[in-house]
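Alright, structures below, take your time with them.
First chain A sits with chain B, and in the next complex the same chain sits with chain C.
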Partner chain A sequence: MTGRKMLALLLLVLALGLVLGACGGEQATQAPAAEQPKEEVTKAPEQPKEESTQEAAEAGKEIVLTIGFTESQTGKYNVSSSRQVKGLKLWIEQTNANGGIKLSDGTVVKFKTVSYDDESSKERVQELYTRLITEDNADFLISPYSSGLTAAAAVISEQYGKIMITTGAASDSIYKKGYTRVYQIYTPASRYLTGAVDIIKHVDPNLKKVAFVYEDSKFATSVVEAAKDYAAKQGLEIVLFEGYAPDTTDFGPFINKIVDKGAEAVLGGGHFQDGSTFARQLHEKQVPLKFVALLVAPPEPDFAELGEAAVGIVGPSQWEPQAKYTPEAAKEMGIEWCGPTNEEFVKAYEDAYNEEPSYHSAGGYAAGLVLGKAIMMADSVDPDAVKEALDNMDILTFFGHIKFDTSEEAHGLQIGHEMVYVQWQKDGDTLKKEVVWPLEGATAEILYPKP
Partner chain B sequence: MMESVISFLISVTPFLIDGLLLGFVFGVAAMGLTLIWGVMDVINLAHGPIISLAMFGVYLLTVTLGWGNPYIALIVVAALALPIGMGIYYIAVNRVIDAPHLSSLLATYSVNMMLMGVMNAVFGGAPRNIEYSLGTIQIGESITIPTARLVAAVAAAGIATALYFFLYRTRIGRYIRAVTDNRDAAELVGVPSTRILALSFGIGTLLAAFAGGLIATIFPFTIFEGSKYELKSFVIGVLGGLGNPIGSLFGGLILGVIEGLVPMFLETSWTPVIEFTLFVLILLVRPTGLFGGKS
Partner chain C sequence: MKESKRAFPLADVLPGLPDQHWASFVLPLAVVLGLALFPFITGKDVHRETMFTVLRAIVMAVSLNIILGYTGYVSFGHVVFYGLGGYVGFYLVSEKGMSLWVALLAGGLAAGLLAWVIGAGILRLRGAYFALVTIGVNEAVRALIQNLDIFGGPLGLEMNFSVYKAYGGPQAMLQMTYNILVGLAVIAVLLSYAVRTSKFGLGLLAIREDEDAAEVMGIIAPKAKTWAYVLSAILPGMVGALFFFRNGSIEPHEAFPLHISIEAIVMVMLGGYGTVLGPILGAAGYQVMRAFLITNRYLKNIQLTVSGVLLLLIVLFIPAGLIGWLRRRIPASRRILL
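This part shows the complex of A and B:
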């Protein structure tokens, strides 16, 4: 073969390879099973699809609302997303089993779900949320997991005027695009890691050098940018600020840089898979760090599978089973309590799924709870009335304080909820997740410096 | 002056060691691709999925079947890859071996799609990880090497050496080189070329599987992981010389060193830009590779 022919052929193959690589996730979309909607009616009676919910409401009988969402059954968001969906489904099961939501005109509202596997892919999310709205006639939407996927879904839900409760989507920017029907359950990203800086200042005022190594994703970037500004204001020196590709599996180059720059603390991470790999490789390389706080991964129960590598790692959590939100606290705050207590939620979740709930599970349940509460407050299933109820909502739940920004600039942004910080500590031979910050809610003293 | 040089060397050493250790594994992954190209002028687009399949094979044996030791699983998976590769050759490649290159390209691409489809159906896209720690080796104060990476590099160097001896010191190795140089002439002197081609495809598959299995012992992976290493293999193949499997090992080391050192001076995201720029430059300036390719 001549050199020129070989050159042309190799360039062709390389281009094809790059396209294939870029479309890696797309190959999975070819699986025929992914196209089938997962429709589940949980202890709710059959309802003819032709009858509109409005007509049914007028007739004062039982109606079944369709809640549409996608789940990342495959891909990198699989662990967190499936927990989120389990939480949501638990709320639906409980609500339907308790006879649904009763409106003042005697109408009983029950729920069913329609969902698809979004394969952790933005492109799939847009396609599937359009389908949920136009073909499956979803009445209300719950977001997919992650800020990136939710940003893609929010464009669609807003375009069709559907109310979407977002959970697992902390990025602030989603709620600053002028949307009017997207409501955030989580504490926004801008307040996600600032507490980790407060912890550093509290336990070691002499610590100076901090490295930010984070996933190059919408969520992680907005978190670390806010935390970086906050850290700089607190007098910390940012020795490294670098993102990694979401599919990174080798953190060697970043770890070498962390060591080379003499960082004493590392803040960053992104999602579960990369965060746990990063923590494992930091441990393997025995990097002498005093403090490590990573996003998303540490609060997950599965993080304990890292063993020694998990010890001392801190992570912000939207919720923990030990969280101290109670009806009494609501009274003190002068706001209404809504839904089960923390203990009731944890027990119901463990009974249903035989596993400990993570904050993703609690967020999924809270999304349903907030939607249900809005329908109760509106005393209607009319989307405009439900939207008004969400705008006026100010409640305390097992998940925390829920209140939405109603300004034009950041409509739907969560302004009530606060983060807690957990750390994995040794309890004999086992690992235990302790709440270490804020101090008033702490279940253990922080382990510092990290072993 | 001297102090700053020493300080620079101390800083650069961990980056360099990491790069070199990974380079051996990259090299073995690329050897599979270049061997097949060298012997039969076929660009094997099933290379990536085979790497992924080997990762999942090692995972299945180690975690799902509970063997516990991924290195034993790796040997089994690599051994199975040889007949699988030969099977792929007889089914998909043999009939189009003399057809224009596009035919063999499409044939191996079809195998790629089939393997990806099967893996997607069986394993899904969720990430997997093999928890198996060999501890770490500490050299001085600043260098810590995870033992698994060192074992992977030594194993990769070992199989590269074995391939060298196989190609240059055995009768079948000489047959393979004869078919690489001139298939018609080799047939005239009695070399069973079809069997040699099938065996070469099998050995190429074995090398890809071995590299995939080694990667699975150090990094987490999904079914799409192999495509990353397939792309790297093209770059390495060109660096080392397409059709020159031993050159690939050196190409792998060069790529490893680039991946290790670039992050020291630039953001890590510049690494692929530099790698692929080098790829195009070498194709333009020295298409036979730095170490000479197939003539």
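This part shows the complex of A and C:
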């Protein structure tokens, strides 16, 4: 018994020693590497723009900006969030490896990151963002993944006057709360499915009856509510508008209603699991639909495992590797091209991580790209100058068109970027994901009506 | 005589056990106030935010201890009061333009009312049956809120940033909400102490040890349990209203997460259930450890593993919690550690 107690005590001491040792180690190793550049960086924004750049030119100095964010290393957002961070880190590595961003006065701007695990929960987001700003002296912020966590982080970033580029935060409402320094990379939720309505109008102006069957979650509900209004404005008849619980596995009752109402097209879905089950059951019951567009599930490579049931299903995506945004397209649009081409990004990402990039990865990279471009446009790291550059930004990147709303009501809302719509099509015996909308970025013609 | 020396000096104004040292009352308060004052001493915003999380956990653990520790009813649905209070408070501020103070009171009231209504029914169940039902109640309330249009359904509710102007801007709002939380934490400790040292609390302890025997001794168990449940619900409701107000948004899945209930149980067990000081130390220890691990440069990638191992060691070797262990090891501490 005494031996057991001794063992317990020993283990506890060891565990505590491990914790305390790590604490001491951190201070010893972090100080010289991290503090020196931070001082330079944090002083720069406080001074008038001209002075700071003048000083930098005299010294011909290199400054290292700290980009702070939280990552969902654990919890339900883990996969999407880690891909987003991989994308961002790739941009930072490439930028630093290419010698950083050079300002006109000779200053070289490089970047480093500080991040913490938010555990996919709001619980500590505000605490961690306060730490990033006040303790780690982050110069610029990137949002957590998801609209809910970003909404909590934005209260803190705005309070301290920090610029936060959001990626993975599609909800419109965040940008309608009066913030002035929060900028959205993604197409907002209100426009997630409106393109699907445009596709219907384009391929079959005679199609009238549309059913909305969607997951009863914040994201899916906000998407379909906006799409429903848009569809009604476009003259479509909404014959069914019904939500299902997130853990639904039997879509029989919903499918019966779809058939009863005589719907020709179905829009909706929610996340991967329910969306793919819904698609499979629509196929099994041979529902005579001409067009089906579902959220989130279709762009995922695993969706192909549905086989025949996946054929013809359309899904919105923030970005796809096949999307055709090119410098030539930028010229035609009369706006500036920025960053790598799609092929260059995909290759660099695959080389770095040995996996295909998802739209979350591309969003993370684009967030860095937009921040870097804003610094270049501002020719300064001064937050006010960078904010002004972001307000005036109108560029085309591999991720798509980037332009922000500057009105007081919805400052920072993304108004340039459009969703791309993918459709699973048969290529011989195999299934292939093709971009079918918008037409300028399409890799194949849309398969209509759905088989 | 000897008894007069040991007597609780504030016995006339506060309920106290006759042989309890005055330190048993002061110690829990001192711990909470010490933690609460830490950010004021350092003047750092990040410490204020860390302590906000710690004090929030203390209120949750101390209030849960009333039904779990004193009464012996394991509730896995404690977060339902936090979520409901959060929703009611948020609705009143964002949709009805009412002040935060009204929202706090309404949040606490709504949570207390829910406990009173459901408590009368579910507290008839004992052991695992009660524990299971509390999870069901949490899910049922979440589903109800998700389908109520006035609470925004699955979209939840949002608040404009400009609302904080009425409270002196976001910086002042964050400080003010922290100060309010300090007040709530102090009230939680006073409430816990008052219950523990009162005749009512003695009745609860009797129910915990043997409910049937307690009833034979004249304790009206259903009434006592319901009141204990109501008392344990009010403060989490107020804290929910406060937390979501400073977050600026509320959604069903963020307001009723099961893991907050489980963490609260862990914190109560770590510190020592059925004691006044135990849940405070458990909550503070657990949250400070998590805050440290999550931001530690080397441990942040394995923070859940490290905290899991530490918890396992503590639960394995000190099952009665820290206070229980100290009381057993050092008999003299029993007068001080309540």
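One rule holds for everything that comes next: the second predicted complex is superposed on the first by the 264 of 451 C-alpha atoms of A that agree within 3 Å, B and C clash if a C-alpha of one lies under 4 Å from a C-alpha of the other, contacts with A are read in each partner's own complex, and residues count from 1 in each chain.
The criterion applied here is as follows: contacts are C-beta pairs under 8 Å (C-beta built on N, C-alpha and C of every residue); 3 or more make two chains touch, one makes a residue touch a chain.
Small disclaimer: the values here were computed from a predicted structure and weren't measured.
**Q** Taking the superposition on A as described, I'd like to know which of chain B and chain C A:361 touches: first, second, both or neither.
**A** It touches nothing on chain B or chain C.
**Q** Which partner does A:148 contact after superposing on A: first (chain B), second (chain C), both, neither?
**A** second
**Q** Classify the contacts of A:254 with the two partner chains as first (chain B alone), second (chain C alone), both, or neither.
**A** first
**Q** Of the two partner chains, chain B (first) and chain C (second), which one does A:284 touch, if any: first, second, both, or neither?
**A** In the superposed model, A:284 contacts chain B only, not chain C.
**Q** Once chain A of both complexes is superposed, is A:190 in touch with chain B (first), chain C (second), both, or neither?
**A** Touch status of A:190: no partner.
**Q** Touch test for A:167: chain B only (first), chain C only (second), both, or neither?
**A** neither
**Q** With the two complexes superposed on chain A, say which partner A:380 touches: chain B (first), chain C (second), both, or neither.
**A** Neither partner.
**Q** Between chain B and chain C, whom does A:243 touch in the aligned arrangement: first, second, both, or neither?
**A** both
**Q** Contact-wise, after the overlay, does A:397 reach chain B, chain C, both or neither (first, second, both, neither)?
**A** After superposition on chain A, A:397 lies in contact with neither partner.
**Q** Go through chain A and flag every residue that touches chain B in one model and chain C in the other.
**A** 11, 18, 25, 30, 73-74, 119, 216, 243
**Q** In their complex, what parts of chain A are in touch with chain B?
**A** Against chain B, the touching part of chain A is residues 1, 3, 6-7, 9-11, 13-14, 16-18, 20-21, 24-25, 27-28, 30-31, 73-76, 78, 119-120, 216, 242-245, 247, 249-250, 252-254, 256-257, 259-260, 273, 277, 281, 284-287, 305.
**Q** In their complex, what parts of chain A are in touch with chain C?
**A** By the definition above, chain A touches chain C via 5, 8, 11-12, 15, 18-19, 22-23, 25-26, 30, 73-74, 116-117, 119, 121-124, 126-128, 130-131, 134-135, 148, 151-152, 154-155, 158-159, 173, 176-179, 216-218, 220-222, 243.
**Q** Once bound in the complex, which stretches of chain B touch chain A?
**A** Per the stated touch rule, the residues are 11, 14-15, 18, 22, 41, 43, 45, 48, 101, 105, 109, 112-113, 116-117, 120-121, 124-127, 129, 131, 133, 136, 138, 142, 144, 146, 219-222, 224-225, 227-228, 230-231, 234, 238, 242, 259-260, 262-264, 267-269, 271, 276, 279-280, 283-284, 287-288.
**Q** Provide the residue numbers of chain C that touch chain A in the complex, in ascending order.
**A** The touching residues are 44-46, 48-50, 52-53, 146, 153-156, 158-162, 169-171, 174, 246-249, 251, 253-254, 257, 259-260, 291-301, 303-304, 306, 309-310, 313-314, 316-317.
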